[in-house]
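Next come the structures, one after another.
Look for subunit A in each of the two complexes below; its partner is subunit B in the first and subunit C in the second.
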Partner chain A sequence: MTLLVADSISISFGGVKAVNQVSFAVKQGELFSIMGPNGAGKTTVLNLISRFYDVDEGNLTFEGEDITQVKTHQVATKGIARTFQNTELFEHETVLSNLLIAHQQHKNTGLFSEMFFLPKVKRQELSFRRRAEDIIDLLDLQGYRDQMISSLPFGIRKVTELARALSLEPKLLLLDEPSSGLNPEETEDLSFWIEDIKEELGITIIMVEHDMNLLSQVSDRVLVMADGSELTTGTPEEATSHPDVIKAYLGD
Partner chain B sequence: MLFVFKTAYEQDFGLFKHAIQRNCYLVLLVLLVVAPFVLERFYIGELSELFIWCIAGTGLMLLVGYTGLVSLGHAAFMALGAYTNVILNKYGVPFPISIILAAFFSGACGLVIGVAALRMTGIYLAVATLAFAYIVEKFIGQGGSFTGGHRGFRVENFEYFGVYLNDPVVFYIICLITLLVTLWLLGNLLRSPTGRAFVAIRDSEISAQAMGIDLVRYKTLSFALSAGITGMAGALYAYKIGYLYPETFTIFTSIKLLMLVVVGGLGSMHGIVFGAMFISLLPQIIALVRDLLPIWISQRRGLEPFVFGSILIAFLIFEPKGIYGRWVKIRLFFSQFPMYRKSTFKRQKSFLRTERVH
Partner chain C sequence: MDISQLVVTGIANGCVYGLVALGFVLIYKATEMVNFAQGDIMMLGAFIAFTLSSQLEMPYYIVVPGTILIMAVFGMALERGVLRPMIGEPPFAVLMLTIGLGFVLRAIAGTIWGHQPNQLITPYSGGVIDIAGIRLDYEKLVIMGGTGVLCALMFLFFKFTRIGVAMQAASQNQLAAYYVGIPVNRVVSITWGISAAVAAAAALMVAPLWWIEPGLGLVGIKAFVAAIVGGFGSLPGALIGGIAIGLVEQLVGYTIPGFGETGAYVFLLLMLFIRPEGILATMQRKKV
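So, the complex of A and B:
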């Protein structure tokens, strides 16, 4: 079953065609990677899917529903979560409340019941708290639960951001360079987690990545982009051995 | 050092961190309840005013400290609350109802202004709210007999069941109860989803959106709540000063409020109280020091705004976390003595942030 379809999407900034007529379809349960040299438009594709940018041309369909005009904050409710390349966490909050902010998109309490902290709100807080603990367990964040984000090292921030995205309980997870800034051990942990997320939680993943090892280890299919256009799509081996791809990376 | 061992998830969202903290606040509460019966009239009045500033500060702290939006026009909401309350009283609405209606009216004005002004951010929002405050001031001045115009009017005293509203002890207790209720409501809000959404918007609008938070909705909500609470403070303030005219609430009042939240410590509920103490004590201290200064300084006009301004700048440079931030450091110094390291609070070099998408 197809989860997300991008039908020849384009966007330009001034005269620059950042993404030019790119099409792909991501199947349920698949790990779909996007690679390409700097400035190829990989992150822009993620920004288009998560509706930070408006698509100039083309259509995005998620679970058979057109999401091209959906508001940015509604994307999360539809079941799409994302992480950012250089982390974009809530700095002056603890790891735990970062996760709780993600959990609360399923809240069913109003302003007045929250102001008086009625039993309903308390029960809801407890259920959020329990679910946050599950994610903390999954990603080994127990030691950092009550620490401020501003005091954490970069590697832990990356993991926290992954945890926060998972807390949205998404169907589709967009990872923007999950391994950038991580050391080899951390990258290895990450590759196991990504496989766990895919296999055990059954979440479909679109990942932008530079690390070739990680890429070929975990991805089912790879889309290669250069200068905003699609070069090829295929299995990691097919994609990396394609003559156009080699040319894009190494020149003629 | 004190370690809190958590054994239940409820402890993560209690209003107090641990039993000792709760007991300290209970002692403070008892002292505050006993205070009006032992203190002199003057000090009771000063404390009531301090409570009113705390309430107004709570309103602005919600907006500036927790949602990350700046307003330079919060005096206008105090004015709206004060006038609504007094005018309603004039038409026979009893005090407890009129103060709530005043808060709602002020909040409704905040909602309307918020819808229009919150398309702007940062300095533009500050200027828009400043303009709003100016408009409200002029509007009240032109209100004729309804608002008393530029000459203003005297706030009538009230009597219910033989109790006078302007009796210092009665007024003190009304202010104290209002403050406690306001702080309790804010505390509740901050430990539930809406409060976390505000904080999320303050820290990163991009992430907040990616987490499914509707920026327009929550920013407007925060603005309206903030306006409502500040309006309630204004309603009480009207009875404190006993006479209302448009210049009661000027840009200087707005700046004083903003100073309250910055000097107190942005994003902390303790900061509200510290900040309010600071702005209500400083004029007294200046008045005391004025007598000791040489005459060519002490007789200068504008000495008070000058001192206020210099202290604000000093705080921004040396202690951006405000009095509460300094208090946290002092507390840590004693709890870790002699192991305290100055570098604990050294600001880290921040990591590169994602390029802003908007």
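So, the complex of A and C:
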């Protein structure tokens, strides 16, 4: 089953076509990667899917529904979560609170009952906390759960951001260069977690990534972009051995 | 004059500075802009209360929620109509805009209600109670009690409600807030509404004591001082700063007659020398 379809999407900034007529379809349960040299428009594609930008032309369908008019804050409710290359976290909160804030937005209780912490609110809060703890266990964050984000090293922040995205219980997870800034050991942990997220939680993933090892290890298919356009799409082996791709990375 | 009276007056005035300062801090935290029209929003609240009670002769139990509601809507409208189009403009432009907004509000108030001082008469006006030998006017008692209740409500609101937590989240990282599903624009709008509502509550409580006139808006300057003394960005700090300013003003004014207000600003200067991050620091010095 197809989860997300991008149908010749384009966007320009000033005179530059950052993304030019790019099309792809991501199947349910698939790990779809996007690679390409700097400035190829990979992150822009993620920003288009997550409704940070409006597409100039083309269509985006998620679960058969057009999402080009969805508001940025509704993306999470639709079942799309994302992470950022340089992490965007709530700095003055603990790891646990960062996850709980994400859960909080799915409450369906009223202002009054929340202020006075009535039983219904308490039940929801308990189930949120249980799920947050599950995610903390999954990603090995137990040692950091009560630490402030601002005191954490970059690698742990990246994992925390991944945890927060998971706590939104997404159907589609967008990862923007998850390995950037991580050391080789952390990158290896990451590759296992990504496989767990895909296999055990059944979450479909679109990942922008530079690390070739990580890419070929976890990806089902890879879209290669250069200068805003698609060069090729295929299995990691097909994509990396494609003559146009080699040319784009190494020059003529 | 007895010292206890000075302290009572200082705390009561300080609560008012503190409540207006809360408005400064709320908006600053949510949007990183300083709304210099905050005091003028309070002034407008006082005039609305005056109109509802003295001119339209509504009962006081309608005047209170009515004023707060009208001002909350006004605050949200202000954000929507004047401030939101400024998103993306340099902070200095936004700052100038809010200063200008203050002038406009004072001028409008002067045109509608005139410049002569008015007074709000409440059911409790003029009452006096004696507690342990200290003479307390009902007006001051209401200010202190009301401020306490407001602070407790705000604490519960920010700690436990979804919208309160969303406001805190959006103030820390707007991008992250969007992607956990927080409608940041609406949150900012509500923040303005709450700031204006708190200013209106302060206006309602202080209007029986102070004269209602367009110049009342200038209390915003003292509230701004209070917010800085308290540690800009800290909500409890704003209140503590307000009370500190109120007390300093009264005590200095008693010791050196006529220098009460000056004392408040000298106190600010001293604070900036000794503890520039404020009483409850939230800002860290940049490490180089």
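Basically, the second predicted complex is superposed on the first by the 251 of 252 C-alpha atoms of A that agree within 3 Å, B and C clash if a C-alpha of one lies under 4 Å from a C-alpha of the other, contacts with A are read in each partner's own complex, and residues count from 1 in each chain.
Throughout what follows, contacts are C-beta pairs under 8 Å (C-beta built on N, C-alpha and C of every residue); 3 or more make two chains touch, one makes a residue touch a chain.
This one's a predicted model, so the numbers in the text were calculated from it and none came from an experiment.
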| item | value |
| --- | --- |
| Subunit A as common anchor, with subunit B and subunit C clashing or fitting | clash |
| More subunit A residues in contact - subunit B or subunit C | B |
| Partner chain(s) touched by A:R130 [first = subunit B, second = subunit C, both, neither] | first |
| Contacts of A:E114 with subunit B and subunit C, given as first, second, both or neither | both |
| Subunit B versus subunit C as contact partner of A:F154, first or second or both or neither | first |
| First, second, both or neither for A:N47, with subunit B first and subunit C second | first |
| Subunit B versus subunit C as contact partner of A:E93, first or second or both or neither | both |
| Set intersection of subunit A contacts, subunit C complex versus subunit B complex | 50, 71-77, 81-82, 84, 88-93, 101-102, 104-105, 107, 109, 111, 114-117, 121, 164, 168 |
| In the complex with subunit C, residue positions of subunit A that touch it | 50, 71-77, 81-82, 84, 88-93, 101-102, 104-107, 109, 111, 114-117, 121, 164-165, 168 |
| Complex contact set, residues of subunit A against subunit B | 47, 50, 52-53, 71-77, 81-82, 84-93, 96-97, 100-102, 104-105, 107, 109, 111, 114-117, 121-122, 124-126, 129-130, 133, 150-151, 154, 157, 164, 168 |
| In the complex with subunit A, residue positions of subunit B that touch it | 9-10, 12-13, 185, 188-189, 191-197, 199-200, 202-204, 206-215, 221, 267, 348, 351-354, 357-358 |
| Touch list for subunit C against partner subunit A, complex | 153, 156-157, 160-163, 165-166, 169, 172-173, 175-184 |
